[in-house]
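Multiple structures follow.
Next, two complexes with subunit A in common: one pairs it with subunit B, the other with subunit C.
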Partner chain A sequence: MPTPASSSASASASSSHRRASSDLMVRIGSADSEIKLRALRELKNQIIGNRTKKLFFLKLGAVPAVSCALVQAQAQAQADLLVQSAAALGSFACGFDAGVRAVLDSGAFANLVALLSFPDDKVVDAGARSLRMIYQSKLAPKYDFLQEKNMEFLLSLLNSENETVTGLGASIIIHSCETVVEQKALCYAGVLKKLTSLLEGSPSQKDASLESLATIIKKNPEAASKFVSESRRALNSVIDLSKDRNPRTRLLACMCLIVIRNTSPYYLQDIGIKTKLVYLLLELLDDPGQVGEEASYAFSSLLAQKEDLQKLAFEANAIDKLHNHLKKHSLQPRRYQGILLALAELCSKLESCRSRFLSLEALNLVTDALSHEVADVRTAACICLRSVSRSIKSLSAGRFMKEMIVIPLVQLLHDPSTSVQVAALGAVSNVVVDFTTAKSTFLQCGGLKLLVQLSKSMDPILRLNALWGLRNLMFLADNTCKEGIFLELTAPSLSSLICDPEPFVQEQALALVRNLVDGCLDSIEYVFAEDGIILDAIGMQLQSTSKAEIGIQGMYVLSNIASGKEIHKEAVMHQLLLQVNNGTQAFILKFLQSNDSQLRTAAIWTIINLTLPSSPGASSRVVKLRNAGIVSQIKTMVNDPCVDVKLRVRTALGQFMTVGDGST
Partner chain B sequence: MSLFWIVIRQLAEIEAMATSKKVITKEEWEKKLKDVKIRKEDMNKLVMNFLVTEGYVDAAEKFRLESGTEPDIDLATITDRMAVKKAVQSGNVEDAIEKVNDLNPEILDTNPQLFFHLQQQRLIELIRNGKVEEALEFAQEELAPRGEENQSFLEELEKTVALLAFEDVSNCPVGELLDISQRLKTASEVNAAILTSQSHEKDPKLPSLLKMLIWAQNQLDEKAAYPRINDLSTAKLEDPDV
Partner chain C sequence: MPVRVVESSAPSQISGANSGKTSPPACTLLSVGQAFSGTQNVSSLQKDEAWRVNVHIQGCDLEHGYLCGTMEALNVPMADTPVVTFWEGEIVDTINYTFFTGKWEATPEDDKKHWDKFPSFAPFKSQVEFDGGKTLDLSNYPYIFMRWKEQYFVNVGTDCGLTIAGFYYVCFSCSDGSISGFYYDPNSSPFQKLELKSTNEGRRSGFSFSSYELQ
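Entry: the complex of A and B
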């Protein structure tokens, strides 16, 4: 914008403006109710729609002054003053959290509630409107539905003739109903029935009712079935509203239907309604305003974890449509994020979606989004990339190991926002799997160093995801690559990650070692570096853990080591029998008796590798295993319910016979 | 709206019968139309809906008394709405804003685009009246912060401020902002927002009925020659050309 005014002129303008404002503040405090009324109205007209002015007057202390005027007017029952002061407070609270906080701090909340029982309709309206503004903010106080008198009050609001008051009732539900207990309490107090009748009300009542219903039904199958079975019409009304003229009503109806079908496996599962929802939401995406923005999130929740719906969406050309939206310039961040997340959901399971996505060159657009200024957009871009890079076909073709993608991704590992870092690690983990080209692109741009750094982060989630990345980088890597990773990571820090306080980090660290020792014989040597601290850490962790997942990863590490040379096998034997000599139960026995069949399989594999008839020390190891009671444990497993285990048990027993001393 | 569905159903029947273009004479047509029953109350409601939405409050009041048709909205709110509209149309934008805020403070607080357009109209009026300094101060104090919040507002603001750069606005490329049509545009935007906030449709039903009539005739044109209505204001049935 051109700035024709000289700086001195604008300075004097704003100082005269400041004077006028403090004069206004004085008039609000006036004893003359005529002056006070005009001042309140003037303040209201200045701040409505104007965020800058709201902040300005907030700093001048206008909120306590207005709330003081409200209290006085209440004492004298002056309707005009009540309407103006309530409207001003409502405007301070409208879409402006600092304003909500100030209104709450001023203590006006209770006074606004009291306005609802005032005999003058205009006053009731003004009070209800202001309270609704407050309840649209997260800062509003939580409404306790479990108190009987509160529930009665809520019902009285919903039963009101005044549209603003019923709207307030709905806003309270949307704001404060969070737990299953609260949802149930609302259901049994008859709120569902009331809301169902409001579906036939005015446009604003329809919207409020749809949103409240979704809040009460969400993740609560009992509420869903109560809503559907209470009256035949209820569900049909919601379906009808998905064809309403007003796009916002259509969106809210879709969201309500999605909540119902995601909550209950019995309703709205037919192909007709599924297809309808897909098309409706794709159409709503075109809305230029908030509705279009929200539609992408609703679309994601419709598709989440549901392959059948993702297929329908694919057939409805959803990838192309989302891609067209993504191509638009100057997308609002929230819309941008929503579209990226919808694409991520769509590409999370189906290869057909991913290949359509890649054929549209949509990857470039997502890569651009990696360097967007808004953190949420960067996060969404990473999540989308992770989803698309699940494609084994494209990974094998080396489509993701390109500098254009890898460099910005690696940069995001430095991101100031943890959620961006975690999402970037998620994408890195998939991209580095790469089957063909050397993983060198990633190593060259410093990715490895960063992953190792993040694996030592204070934040356990970052450690987890960094290890995940390293684990996948290690997957089927050649020895040079493995050596590079190992030297960067070092044996001491790897062993301390195995003993991490968080079980999920322990599991990832063990999985990483499992990939490290997989493959050629040389790679087994890594776990013997620095006097075998890694192997000792594994043994210690296996002895102390109660988590099957950790046992599985640890046993596969030992099983891989046991496939090596005699010296490797003896080292594993040492770990297995360490506790027997101490008199405590050996972890291998515990694992063989586990309820988890995968863990039993992993344990038995280790035994098989230790007793391969071709290895010279096999027979002495069988003796040791027998003495420790392991052989007799395995004999009890010949009829294991898991076929895989049963098969391995028979192999092991066969080997015992072959190499054994005949006493089997 | 039942009249229309009846007509359309008949059209569909005609369509089904006709393989080549069928000719329907005026007599046949009028006979068919005679069988269609329209309730007087429905017509009255449509008229009332038109008067209310368009804001003819006195006419609506008279019509209510004479026909006994109850309006679907409090007539007093029409007076308020019309006062707002009139204020914008005559250039008293500040007055209009205050009136909207008295009517319902939520309208402008939750509708940034409308709020910006009203403020922009205020700026236009200041420029029209040659109050250059005041206009500049207003643009800077009130409008510039909105431009920071929204890119498209900033562009519109730049266009409006450009009015100041021209001595002779008739040569100014954005001169149309000073046209009366700009006021009317802003006025109808406010009018629609107020109607929406009152849970009332922002357009009357009558024009959409006429639109449907034209659409239905266009569909039928392909199948049949029939007495068409060409002039909507007289609703005269023309003889079919054979």
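Entry: the complex of A and C
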């Protein structure tokens, strides 16, 4: 049982601590330089690496006090005080955004910059160190490279003999260079050349230079080309640094090489360097610290969209290695996220990778990550699941439509974070393709209700992805499942989604209806519900759209309806000829003349279905199509460059001959 | 106004100047969701026999020459239910795959013997003998040649007394969606013929097309 004595002891310790801190604050404001100096040193030592202490002194108003001491010391050119006050401010800013904000709010930033011109090297060093801490935060003010005097100042920093000052120059570039214009300005001011020379400097200069080079070259082929062509030595130096004994330098060299490779398709294409990068990064993943953490992200960017590199990584046993990392207990969230994203990239294209991943039963670990407390980890787990579930072979075996996957996935559909929701929808969209008869599992887990809710979200990205999921869920769904989706979604909602302001939402809505009216003949009736508002919406959208993708999905809806009974075929005819009767060009003519072969194919299938010789009304429909100029348009397409279109045109012309009135 | 149909569907060889697409054309009748039905002749010396077969296309990736789906054998004597298998297909596109199988115990001689059975292969015969057909331009040819290899049983165990050790040489007609094929397994009766026609399930009067898209 706790005794009153111990709580009073702790209260007294806390109050004495508070008194000591207040005393320290008083001493910082002292007129006596010696007292002030000792107090500043004491403060700095207390807060270094101690977030709690930083926050505590921040609340006591220590930053404005130190800032004031800096200004006074500057006026009196007191070097020791300048060094200690700058160091204390730097400590507040180091890895602590609230500290950075307080330093900036205190107005000390300009004073710290002024220290760089001080005649005493120690002062310059302290000022540069402190500014570097600030520039490592996103809150640091953006540096305007486009002003001539700023560029000159930056070059003077990079040309400095002082390692901390050149490091500051690099930090400014890493923090502030964001646009192509800024990248170009830095290139043409000779910064690349200077950074290249720093690759042979001290360990910290090498690291700073590698990171700055990557910032300037990223997504800028001109900068990449300038860097590589300016001197042969430059690229070789970076390659050499990938063998440096310092793991951080090796990582930064790899990241720089990846940026060059991803920016320009002309460099670093030989298999030797690609393989080397794969092995280097896999080795760096083993580093227990920040390097290991960052290595997984660098690995992802190396593999992104590149099948050849994914193959190399597979051959280097990357799946097994990443899986081993994933198996470790109590992974830090950022490392956890990085490994999941690297696995996602690795499994994004190659079935061999997915197959290995699944054989290791890594799926269970990813499923666990779906319920992680950190949103970024949940998002990464969804992205990984999305990649792995691109395996049609596994979808066909019903490998994903299982409660242990579907239940946590469905729960993420009402996650408070939108990015988790979007990522979960991505995985759901694939999982629900399921070719077995297990789609009902998803419905039973409450997934349908949530998908429908999200399809009505104010956020267009959520609407798009929710509809994507519904469209895939509808693919080859049985009648019960279709009915369930339709009743939940309702005809009015579906027609308003077809007319959504966002074209990509319209496209998915139409693709969903296309699957709805496929299969059992009775399912066509859905588009005639509520006085045919769905069909009317489709007709309106097809008339007004200029996007081929929307035309394709819409025409397949009409084509599928036209594969039904006579009444269905006549309803499609009505939509096709509505505009002709109004005196405007029919959308079917526009589509038959489209440059998009898939759209021409979809349009011609509709005509084939309307004019099947076995259907009783085919003959009268051919007459109407001829009167509307559609038959003559099709005749012009017999030599269509697309084989699929050409073959369908022949079928259509053959049918016109069979059912026609002799004038075809 | 009637115009003459230009027969440009004869196969050609890639000329030096032609650097365009040479793989077979995309065909809506061979897209995901499409179904086919027909028979596979499994006759042996002892008796004539044919099993009814349904095929569903589940995945198609022309860029990688990949196609996959299921095959359902309906009246298999030793099975109580229809036997469903999952197969993966290699599309002969001269980029990802050539007419030569190079695996599954099929020699180039076996390949030639089987491809020869398709009348639509005749125009390629000499070129395939010369260089395996690597230089053929198949982009305008209205037939698609493939190999289908069954990978696993979907609804029965491997102890069902059936084998999926072999594979099919397949020829698909883009014009009418008909499929013919020959099963090859050195340990089974030779040249078991597969004949399938494009079907429209749901008793429709026309063709219906569904689609999905993976993210």
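We adopt the following convention: the second predicted complex is superposed on the first by the 658 of 664 C-alpha atoms of A that agree within 3 Å, B and C clash if a C-alpha of one lies under 4 Å from a C-alpha of the other, contacts with A are read in each partner's own complex, and residues count from 1 in each chain.
By definition in this document, a residue touches a chain if its C-beta (ideal position, glycine included) is under 8 Å from a C-beta of that chain, and two chains touch if they have at least 3 such contacts.
It should be emphasised that the depicted structure is a prediction, and the values quoted were computed from it without experimental measurement.
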Clash or fit (per the criteria above) of subunit B with subunit C on subunit A: fit
Subunit B versus subunit C as contact partner of A:Gly564, first or second or both or neither: second
Subunit A: partner with more touched residues, subunit B or subunit C: C
Subunit B, subunit C and vertex subunit A (Cα centres) - angle in steps of 10°: 110
Partner chain(s) touched by A:Val623 [first = subunit B, second = subunit C, both, neither]: neither
Which of subunit B and subunit C A:Asn609 touches, first, second, both or neither: second
Touched partner set for A:Lys44, first subunit B, second subunit C, both or neither: first
First (subunit B), second (subunit C), both or neither touched by A:Val71: neither
Partner chain in contact with A:Leu365 - subunit B first, subunit C second, else both or neither: neither
After fitting on chain A: smallest Cα gap, subunit B-subunit C, Å: 38
Shared contact residues on subunit A - subunit B and subunit C: none
Contact footprint of subunit A on subunit C as seen in their complex: 1-3, 5-6, 8-9, 25-28, 33, 56, 58-59, 68, 70, 86, 88, 139-142, 151-152, 154, 174-175, 200-215
Complex contacts: residues of subunit A adjacent to subunit C: 386, 389-390, 392-393, 395-397, 426-427, 429-430, 433, 435-436, 465, 468, 471-472, 475-476, 511, 514-515, 517-521, 523, 556, 559-560, 562-565, 569, 601, 605, 608-609, 612, 614-615, 632, 635-636, 638-639, 642-644, 647-648, 650-651
Residue ranges of subunit A touching subunit B (in the complex, touch as defined): 1-5, 9-10, 13-14, 17, 41, 44-45, 48-52, 87, 90-91, 94-95, 129, 133, 163, 202-205, 330
Partner subunit A, residues of subunit B touching it in the complex: 97-98, 101-102, 104-106, 108-112, 115, 133, 136-137, 139-142, 144-147, 149, 151, 154, 157-158, 161, 164, 196, 199
